[in-house]
């Protein structure tokens, strides 16, 4: 930096150098003296750029919202018909209406939101912790060759271990409290998040890093201004998957234990329904777990990802 | 070398008697748990006492880790009969509106205790604010604990376990570890978990037998799917005869039975129980044929009182005719269904 | 040969002391690979670029042009020899625009200013002036993907200028553009260069482009890269690529270049 | 086809058209008459192509094998020290030697391979079934817009439900036998495999499809000759992840129930150790599950993927 | 204007009956988008390509050149108008090589033969002859990524020839190559065209390239694409891109093209 500024000082008038400050035409020429070139460039620019087309609201409703709604309606309809036709006895295959009743019970008992809130808040906290651990870990693995060779395979390997397998070990190590649950969630989500960041960093075109270095973004500034923003899309994809894993692991962990301190979450709801041999309760819990899990993915992560991708012109259909 | 300590298979259940005619079906699928309270099937199958009664009908064994899975398997038609605890039996029966199962015999009584950490809980008036575990919301021990606590003036919210005493529902397998870690002040658990807690420094504060008239209450009974009972009463009767004879054998040869039991457990779970645990657990459990129907009804009432069960109609849950037939043949006293029998 | 002596032409005349080159390469060599099986890419390159001079480096694919620019830019170190760039870290433009897609056009320029230490208050205005310079007034808030190829390279040029380095290195900056846009940017670049006091080291495969732009054309041989020949061009700027003078010199240089290439087909 | 051949017949001498058959120089010219052009092209080709460098065996050992070995040795060493120093009581943190003893027991009892084989064979079968279902499903979702809108989100949503949650429903619907285990495995693996194929198809450059169509690869031939081979890298990545999910779900499913007839798998091994409060048995089972899961990934899927990527020049360091 | 009448030149003379064009476009229009908000890209294009003729289609970015080639290739349907290609599905070459990376160079060519129904026994030999034709003898077993840019385009050319279509459509096939390779491939293509009886419709931005290669240059206007003007070129082949005749005509056509482009800057 200093060198450049110093040189700018010696090379021309103060504050100069070929920067905007001194780049005013010498000899009084003006840009407008080249109307020919200007017109040509304006024409080229006009021909080659076009405003991105945004899908209309009607189109979105028709193409994005309608099909899943139709699909759900079809599935629920077929299910109701099967249940009504008594393909299997009620207590084995409850119909959608029975499941609805179970949900309604929760609603009227006023526990529905509490249960969901317990799980979601835990999931969010566990996810935040995973983020705090997975991000530096991923950066370290991505950038330090030896670390990568050493623990890279372990990170993906961890994903082939079911969360429930960790439960006994976690209880022993962390005791019967939220730490156990968070430990299980971390073991599920950290590898996903780290792997996402690693993939994101790997996909950063080396050109960006070189461009950054010529601009003076080296060391930490290189990471802050170039590497991390460039790796963002892959990182977000990892976050999305990391959330799915957090949620999944959380549910597995919640099946183990309930205590007044822990509060009842969706996992315990499922387990309790199972203990009661209450199939419609089981199905209601499965639905809730699915809906909340997908819902958070769709409401939080998908828009975030879409926004980042769109702002970079990486979303099909916008450029 | 590899396999040098392999089991040479002498503990295998006796195969089907050669040339014996099968009963009305070729195969009967029996479920049970690898647990001291399931001594009847473990010993009976290990010694071939049940197979003997079945002639050419083969036994397919299915080992469960917990009651709900057994009920699910019974509902799905994957097993025909199972030894199981009373509370899953009640839940299964009630949920199916009395359509899926019947209890046809008993197997064990007793074998559940409140074990506490003696440093933290000195006596029964010392439970305020303590953390007491049970294996599962609404199961036999959970109901017993809730009933006991409310009887002693402690108020507890049955669903969440919050209240004057904190009731923690935790898998039986994890309770000993949590207890050792100091996460729990006590636990109301069945054998052999109770024995394990004692062996790691716990003290039995209460033996559940003390709470029941005659010191007996149902811990394990034998259920059968209704359709199987209708179609193959001869098979059910044969199993019952095997069960009755097994129980008689166990009570006559307790030491031999204990050894057989432990080797069956070792085979099933990869490791036999330590002797001190086995001794203590086995001493707590009584093996009998009577399903103690009255205590099941009381347990259901306690569950309803605790708000864990809706007012339930249990009539028809028992069908003890076959058992009584067998008992009469054996010259033993018949048993009573406490008014909850079929018809 | 169309031109043979170094002549200062156009308004971009060299104004600094004659003795101090903007870039000086002394016997620069560069090898890649393990010590045992190293591959020599550049071998003993000595080259000066005078302040304000426009030099084109011409050579076949893989002859080491980008490697050389990377060395001058300080992105890599020579295996032997010396490289002096008294003006500090040079600006570098690539064939691909290398604009950061997560920033708008203007913010890309501002980032260069920020990394150079320009205080926040001035950045916005300076960035707009730079964009103005490449005729992109009003493109400050545009996303990179909303710009055409030619506009992107102009923003990249503005970003390079924002570094305020007296030396501009360009690595085939127009190779990926269509011919029409390329012609237009040639005019633009000549114009800009003649207005600023920049020293330019411009790498290309394209003989006509080199002759169209440069004051001096340096031909590199391949494997290892050595300076094969130089031409000084005294045709007046602005030139057109179809000018007979440009065409004639292009024919001559092309013949030499092809001769270089043919050598490799034989062994 | 017929049109082209027919035209080739009318356009020139029999067997002609501008194909190689008739492309012999007219007027007796020969390619060798252009030595100038030939020499130039030969020079260009020689300058621009270079043989891919393969890493030496020593290099691979040094860079790929050494670091993970060092990492494992460090971890096990630290663990042994912690265990020996009695940081925590034995029952909570058994040392590596205790775990080793547990494994040795299995070895001497001759059950080790049997247990592994039970799980691996089940996993392989479940994976094969997932493959057979996931592949056409993925293709359908990728190519049919309405299906995609309808069930695309569900496919990724399913991954946020833990496998254990399916168990009660699966038992009820499929009975307590291997079908239940396979059902749970399928629910875990099919979405991954289908999503991998979808991602693979999405990444196929439209250019390939257009090139295929101009060559006459339309309809099924287009899928067979262009779409599927082009989507292979993404598909393989999906398979790798699908395997991780298969394995994970299988382990979760094996925890439910065992029957002497079905045989004991690794999941039951873990569950049994848990029943016995045998911490070193639990850790031994976790290690086995990890090692077998990662091992199959490394031995089967990684080489397959590497081979495909290398043959396409998509592997960093080969081109 | 440098040339004004249709003259048959060089060895690539048209030998078929004069009345039957190889490609005939009659008032072809093409719009994209929903009925309400459709954007007309091509508007009433009428164009004949005679058998054996080499026609270059020239136009600024986005004027619809690729759209037009896609229509001729049958990859898309016109909104109105007629397209006749009596010789059957034309071969098409793209700017990117579009070779399948999962096949070797030779197998890429063989796939084209197979899809055309050539029996297995003949494929290998025919593929080798085609590769030979583009001077790639011995490259049969090479993977696509092991080839240089120029070699890839030559394999792509061989694959296009394997379709045995009398019409070859080329969409800026050399735009992504470096200038040296491009010049060489111009010679190669002229040579191949003069030896085969192919009709070529070649799309480019590059005026000099068009004048270098074509017998006829057709200039398209933008938004909507219409035929703005045509030039017939009677300079003898092989030409050089630096030839004065090529340069002069390039200057003239460039002026027209720039005029077209400028029109769009004003509104």
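For clarity, chains are labelled A, B, C, D and E in written order, and residue numbers in each chain start from 1.
Just so we're on the same page, a residue touches a chain if its C-beta (ideal position, glycine included) is under 8 Å from a C-beta of that chain, and two chains touch if they have at least 3 such contacts.
The chain list, named the UniProt way, goes like this: A, D = Sulfate ABC transporter permease; C, E = Sulfate ABC transporter ATP-binding protein.
None of the values given here were measured: they were computed from a predicted structure.
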Would you mind naming the chains that touch subunit A and likewise touch subunit C?
D, E
By the touch criterion stated at the start, how many steps lie between subunit B and subunit E on the shortest route?
2
Distance between the CA centroids of subunit A and subunit B (whole Å) is 47
Mind checking the centre-to-centre distance between subunit B and subunit D? Centres are C-alpha means, answer in whole Å.
45
Length of the line joining the C-alpha centres of subunit D and subunit E, rounded to whole Å
41
Could you list the positions in subunit C whose residues touch two or more of the other chains?
60-61, 148, 180-181, 258, 261
Residues of subunit D touching at least two other chains:
38, 40-42, 44-45, 47-48, 91-92, 168, 172-173, 255, 274, 279
Residues in subunit B with touches to at least two other chains are numbered 68, 72, 75-76, 173-174, 177, 181
What chain-chain pairs meet the touch criterion?
A-B, A-C, A-D, A-E, B-D, C-D, C-E, D-E
Mind listing the subunit D positions that touch subunit A in their complex?
63-64, 66-68, 70-71, 88, 91-93, 145-151, 153-154, 156-166, 168-169, 172-173, 241, 243-245, 247-249, 251-252, 255, 270, 274, 279, 282-283, 285-286, 289-290, 293-294, 297-298
In the complex, the residues of subunit E that touch subunit C are 60-61, 148, 175-176, 178-181, 183, 204-209, 240-242, 244, 247-248, 250-251, 254, 257-258, 261
Within the complex, which stretch of subunit B touches subunit D?
1-7, 34, 60-65, 68-69, 72-73, 75-79, 173-174, 176-177, 180-181, 196, 268-271
Where on subunit A does subunit C make contact in their complex?
1, 3-8, 11-12, 17-23, 25-27, 29, 31, 34, 37-38, 40-42, 44-45, 47-49, 52, 207-208, 210-211, 213-217, 221, 225-226, 229-230, 232, 308, 311-314, 319
Show which residues of subunit C lie in contact with subunit A when the two form their complex.
11, 16, 51, 70, 73-75, 86-92, 94, 96, 98, 100-103, 111-112, 115-117, 126, 129-130, 132-133, 135, 143-151, 159, 161-166, 180-181, 184, 187-188, 191, 195-198
